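The structure under discussion appears below in the form of structure tokens.
As written, the chain order gives the labels A, B, C, D and E, with residue 1 at the start of each chain.
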Amino acid sequence: MIKGRVKGKVWSSRHVGTLPPGALLEVETEAGGRIIAFDPLGCDDEEAVMVTQGSVAAAYFNGKNAPVDALIIGSIDENTKQKS
Amino acid sequence: MIKGRVKGKVWSSRHVGTLPPGALLEVETEAGGRIIAFDPLGCDDEEAVMVTQGSVAAAYFNGKNAPVDALIIGSIDENTKQKS
Amino acid sequence: MIKGRVKGKVWSSRHVGTLPPGALLEVETEAGGRIIAFDPLGCDDEEAVMVTQGSVAAAYFNGKNAPVDALIIGSIDENTKQKS
Amino acid sequence: MIKGRVKGKVWSSRHVGTLPPGALLEVETEAGGRIIAFDPLGCDDEEAVMVTQGSVAAAYFNGKNAPVDALIIGSIDENTKQKS
Amino acid sequence: MIKGRVKGKVWSSRHVGTLPPGALLEVETEAGGRIIAFDPLGCDDEEAVMVTQGSVAAAYFNGKNAPVDALIIGSIDENTKQKS
């Protein structure tokens, strides 16, 4: 997975029918790039998130052939780094 | 997914038989690279699009073993960014 | 696979329900990037590890659709390089 | 898919038994890197080609577990760009 | 596939149980990076090899869920480049 930070929503009125309903967030990765990830958690802008990529992301939608190759799988606890 | 912008069509008269009929568009990614993506939506030149990659793109063609590793899944609404 | 070095844990109180219970470690790759990998081995901080990526990592969880795209599969023996 | 240009053949007398018989071509990608792709089309040296990657490439060989992660799926028509 | 050159073995006494027995080699890729690949061919140090990556590499182990995302599939004939 990679770490990233939410940078707003992406809106797509015209899309393929197999795209699951839900939020698509723009995420800035640690390396400085940007990806669009599906968000099943309701994350906020600037929230630190963990993103999984590839067919693993699509598998979250249980055999529905969702064309999703990036999925937010968790919000990262930012004030607890000292626990590690 | 990644964001990109359509930069013309790619024509391939000689191709493998399993390539689905339809448009292949050249897409410039946000990072500045170029990929060729299958377009099921009829996107225009310079349109902002969202591209999914890998086996997730091929799965769109329902078990037909389509050799497609990049698929345009949506057109990005460009004048609505303030909604986020 | 790629080589990396463990750089602490990642905590995520709010995550998708299909994330398997277990440690998520931040790993610095040889190339200098950072990824988050699931650790089934109980690795220590600064330990040298071998990470597998993509759907191969998820397959470790036997058909449970685990949204894990990076898995530590071994600890690298660091004082035995002369064996090669 | 990515665009590339054929830069000669690769010969491998000693290889795994599951490698399908056929040509392996060295392809220079648009980004300047080099990959080795399986060529089912009989492409010539310096020909412009379209390459698909990952498990999508292996799926071309219909369940034979071919260890092929890059496949030339088409020759690009170079004198027809004005059609787009 | 990518070209690479063998740069020694990697030893991992403590690893997941599903890692198939066999040699893990460090391979320097043409682009200058390093990956660890499973070697079913018994390659020598400094040998030029062809590596396949991703789930295609794991499929070589026939449904055993091997956590291997890089596999040496052939040794490259180095003195025969003029054949191309």
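Here is the rule we go by: contacts are C-beta pairs under 8 Å (C-beta built on N, C-alpha and C of every residue); 3 or more make two chains touch, one makes a residue touch a chain.
According to UniProt, the chain labels map to these proteins: A, B, C, D, E = Ethanolamine utilization protein EutN.
Just so we're clear, the structure is a prediction, and the values are computed from it rather than from any experiment.
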Steps needed, at fewest, to go from chain C to chain E via touching chains: 1
Copies chain C and chain D - rotation angle from C-alpha fit, nearest 5 degrees: 145
Where chain A and chain B are represented by their mean Cα positions, the distance between them in whole Å: 20
Approximate Å spacing (C-alpha centroids) for the pair chain A, chain E: 32
Per-residue overlap in chain D, given as positions that touch at least 2 other chains: 54-55, 57
Touch-based graph of the chains, sorted into line, ring, star, complete or other: ring
Chain order around the ring, beginning at chain C and proceeding next to chain E: C, E, D, B, A
Contact set on chain B toward chain A in their complex: 1-3, 30-31, 40-41, 50, 52-57, 59-60, 62, 71, 73-77, 80-81, 83-84
Interface residues, chain A side, partner chain B - complex: 8-16, 18-19, 24, 26, 33-37, 45, 54-55, 57-58, 65-70
